Amino acid sequence: MVELAARLAGIVGERRVMLRAGELRTYESDGLPGYRSTPSLAVFPGTRDETIAVVKALAASHTSFVARGAGTGLSGGALADNVVLLGLHRLKRIVAIDGDNARAVVEPGVVNALLTAAASAYGLHYAPDPSSQSACTIGGNVAENAGGPHCLKYGVTLNHVIALTVLLPDGEVVTLGNPDGESEGYDLLGAFVGSEGCFGVVLDATIRLERNPQAVRTLLADFASVDGAAHAVSDIIAAGIVAAAMEMMDNAAIQVVEASIYAAGYPVDAAAILLIELDGAAAGLDDDVARVAQFCKAAGARAVRVAADPADRARLWQGRKKAFGAMGRVSPHLVVQDAVVPRTRLPQVLADIHHIGVRHGVNVCNVFHAGDGNLHPNIGYDANDADEAARVHAAMGEIMQVCIDAGGTITGEHGVGLDKLPYMDSLFTPDTLGAMCALRSVFDPERRANPGKVVPVHRCREWLAAPAARAGHPR
Amino acid sequence: MSRGAGVTTPCAIPGTPLADARAGLDACVHCGSCLQACPTYLVLEDENDSPRGRLDLMRALVDGILPTSDPDVRSHIDRCLGCRACEPACPSGVPYGHLLEATRATLTAERPNPFIVRLILFAFARPALLHAAMFGGRVTRALRLSRLLARLPGRIGFAMAMLESTRSPLPHRTYQPRSDGSRGAVAVLQGCVMEGLFAETNRATSRTLAANDFSIVEAPGQRCCGALHAHAGDIDTARTLARANIIAFERSGAEVIAVNAAGCGAIMKEYGVLLADDAAWRDRATVFAARVRDITELLASAGPRLGAPVPVTVTYDAPCHLLHAQHIASPPLRVLAAVPGLVLMPLAESEHCCGSAGIYNPVEPETSERVLEPKLRHIAATGAALVATGNPGCLMQIGAGLHQARMSARAIHPVDLLDASYAAERS
Amino acid sequence: MTPGVSADVAALADRVRSAHANGAPLRVTGAGTWLDGGQPCVAADHLELAALTGIVAYEPGDLTLTVLAATPLSAIQALTASEGQWLTMDPHGSPDGTIGATVSTASSGPLASAYGTPRDHVLGCEFVTGTGDVVRGGGRVVKNVAGFDLVRLVTGAWGTLGAITEITVRLRAKPEQDVSLAVATLSGAVADVTNGVREWSHRSAFRPLAMELLSPSLARRLTGHSEELLLVRIGGNSTHARAAVDAVSSLGTARDIGHGVWSQLAQAEPKGALVFRVSALPSRIGSLFSTASALAEELGGYAHATVTRGIVRCVVPPPSEPQAVDYLCGQLSALSRDVTVAGERMSAPLWAAVRRMRSTDALSLRVRSTFDPGRILNPGILGDA
């Protein structure tokens, strides 16, 4: 390791290779609470060429590595357990913004919100807006296929990536997608987005920007029951109104936010609120606002109000976006979940989650992308209390099972990483998991990039030891 | 990989200030929201030099993962500007400023501060020495030696440029405002550097208060506020100074205490916390702290009254200890708005630290200058002739940067501009 | 039998397994309406999927639909229309084409300007790999990042990585108002007209569901109008639609033309016509459309541009004279040096003239040999024979 460190220091400079415990500490964890892994060393290239040279050096010594952006991931994707951590946050150049074609070329370390800030000069923005947008990087977004409230109307990261320059784990640089026209052949770009750092390293991304809408309306609807809020969501979608965002927070989440510095003026006695945004051409927008308000009222909303001005709107959104962080204030430890269920099943699933919480005596907060059926049940607790910790984990297991049984999935935007590995077997057949391993081997035959993540290792072993039928694979 | 690493292990450093502040560490959920707010992270590009990284190091000390003697811990904690820009960015409400002070106090007990830090703190705690040093500074400035020496490279050159920049860009003013005293009695903190090098601003502070119908009372016996000591971990000296100030200002009979140095105001508003463990002083300190106001807060509460036109373009840079520590954003702008003819240009990233951060500049000159770089760039982009900012450290840091970069803009306290506007009424 | 796999699919998997064992290539077929698409495919046997029709699950409130792969698009549209919903995939060709073929070839039509291509619609699918494994990627929910994305991989792979047997797609509620306009008298040079449309779409607050610019002979065929003609489709509530119609009218004389025009456009091409698409950075659409439509018209064909996507689709009758073939080859190869040329249906010499469909790079070859090591599925269709 010391020898490798010296070789890497020759590429990136002494200061950018870290080996000592005191330097590695903060790189031992990402946004997923409660996990820590110590990298064998950490290396931080400052340019594209340095990155290529580093990965080639790692390839030459068959060393495994984990790419890391801002370390805000919530599934443990950027944890490096005794392998090399390759930090990319220093590659933070916005290479170009092409206002005419509404696109940008960015390095992987560019922070999501800074891209939107830069694009605003052209009347454009980057639509996928994870709540972590002030910190997370485009590289991390691409790797996780990140979503956000406004992905309901505008689509997730995948729908905004036109092309990628990717550094394969063996050091080869390839372009995926076609920046200058239609893409042909296999959709390797589509396969790469969401590959959680297991297929290679993003060196740059050609990103589709969205034109700023002419008008925006943000509604806050106050419900006396969670069920009513869930029904309002279904009704609005079924009516063909395409909201830009539809977010729900239950009472527990509202309480937490209102106690934080991001207090947004949510009604603290509401069982649930919906934050609904409509945007687009000004003409007819208020008709849609009126219809949405009607649907909410019909589903039992006590009050519906429209944000008065941009400052009010920003405040309503801040409360939602900072909700997860605000939970840190009320309890020392936190589990953040991410699951998706069909939208019609929301009322039932939310009721089930509530009962599971009650049965295990844990306090579940729900703050989530209701329009997509993308749930985030969070539980704050004290890990020092062994009994409480056990109850929290039991409750989470049951919640995930409820979501799977409802025809849903185990992650809508945070990725599998390490955290969700145990659920993969109940969601996919062995053949499907095998096919995933096989796809990964196409990009990374030695399986050195982010080892041990996404697909359970035993499934890969089985696949590799598969019937003679597949013996002809080049490996 | 370890799971459940969040579980609190027995404290490895019981009885230290950091151990006492430990609950604040638990609030951090490692979400990273603070990263982009942190000036040292942005220029040094190492998460160890970010709030999240530093909190991780603090926790490692508490958990006994790293010893207090660890050189990496030391250098990353040292490099923190203490600007507290991370606090408003943190949804979890991590009390970063307190944790930093507690950590520095814990580390100082283990191994003393570097010589230069001790020298500065020593001088600031001793009025005679301090006066001598400030006198020396004024003589150097008056003889224009500072202008000459500012051409030197490195630390000395920058220090001389700082001194040179304290020369007021506005003409000397001597009007006598009339006050009906209806807004109550105010005592003004003289401040070590303010009285030493920005005496004109202190006079302007009293005059503008009077012009807005406050009555000024003297508070003899007041001392250094202790902020530098607290930030560097010398909590005991900070407490001694705090007690002396509480006595002096109580005796003055003032209803409120006006402070024109954001760094001083920030600590004085926290005297209650500083002396929380001292049963005899806790309540007195809390009452005192509640009476401390930044000068712009007071003036804004009075309007302030409009003066005569001063045609000049100005941009405003928010001192960290005003914006992040005291949460004062608009009062300085209201003070500037009371000057007719003054054109205010918005400054990009005005909420970012300039790199001054108390005695940070002489201690971490390299980082300090790298933090200053973008600030100067943004100032240049405004085209303003003056940069208004209400803290002596920032005035000198920005002033010196402008001087060394041979930019024509000068740094100035907002109160001086209002004062000039009132002075112009009489000419 | 693998749990969760139907008897039909299990039987298909058996066939593929034995074909793989015998090294016998298979031509995967759906309804068989477009077997001449793609490059020449050499396979004696067909892997018929036509029996795989039917709805597996339709929950209107979820706006998702799961169907067997050979279900015709027309059947899907009929079903969803009864709930006020639609599948916003409108590939060119017969409405009896299957959803499996549409997804396999990633074929899209005018609605892609607003709703994207099949890649943006498919939420999950089941497919049989070239070794007879039955794989189920994705799921039935609208957001899903569990595991690596096998769905995107088979979408647009022209059957070469697996025969798709079941598909879950995202549906949309039909807009309250849905207006189709023809905008005439777009006077000026073709490139200027095209750029004008593009600039309008940038400036405008409205986002039409489709905007397709037709070359003169296509316009004549569909509407009798014999200059460039712009088709625009607008959706939204009535206030919105009214205002959008007004806004579109600034481009020329707009008249309501009815939705029939879109299916006419989809089925305009004569049997056996050569079809290819040229595309470039959207800002180049002006010169691209003027060059490509001039070429197509000169050869007795037509062209239409999806302006906001920077794509021009050309349809020309197959040249019979050898010189005409040479001429077209020369033109295409010149074009393909500068812009992206993608063939839909072409003859062998033309395929040779354009840059081959991208499937011959090292990664693509590795994908192919991983999922179909015997190269038995649609061999040659991606230029890989």
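A, B and C label the chains in the order they appear, each numbered from 1.
Operating definition for what follows: contacts are C-beta pairs under 8 Å (C-beta built on N, C-alpha and C of every residue); 3 or more make two chains touch, one makes a residue touch a chain.
Keep in mind that what you see is a predicted model, and the values were worked out from it rather than measured.
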| item | value |
| --- | --- |
| Chains linked by the largest number of contacting C-beta pairs | A-C |
| Chain with minimal offset from the mean of all protein Cα atoms | A |
| Distance from the mean Cα position of chain C to that of chain A, given in whole angstrom | 30 |
| Intercentroid distance (Cα basis), chain B paired with chain A, Å | 38 |
| Centre distance in Å when chain B and chain C are each reduced to the mean of their C-alpha atoms | 63 |
| Footprint of chain A on chain B - complex, ascending | 1-8, 26-33, 35-36, 45-48, 50, 52-53, 56-57, 60, 65-66, 70-73, 88-94 |
| In the complex with chain A, residue positions of chain C that touch it | 2-4, 17, 20-21, 59-64, 84, 106, 116, 119-120, 129, 131-137, 139-150, 152-153, 155-157, 161, 172-176, 202, 204-207, 236-244, 277-283, 310-311, 339-340, 342, 357-359, 361, 363-364, 366-367, 369-371, 373-374, 382 |
| Residues of chain A defined as touching chain C within the complex | 98, 100-101, 144-145, 147, 151, 155-156, 158-159, 174, 178-188, 190-191, 193-195, 198-199, 211, 213-215, 234, 237-242, 280-285, 287-288, 291, 340-344, 369, 372-374, 407-416, 420, 424, 427-429, 431-436, 438-443, 454-455, 469-470, 472-474 |
| Residue numbers on chain A that touch chain B, as the complex places them | 15, 20-23, 25-31, 33-37, 44, 46, 70-72, 79, 81, 87, 89-90, 111, 113-114, 132, 134-136, 260-262, 322-329, 332-334, 383-384, 389, 418 |
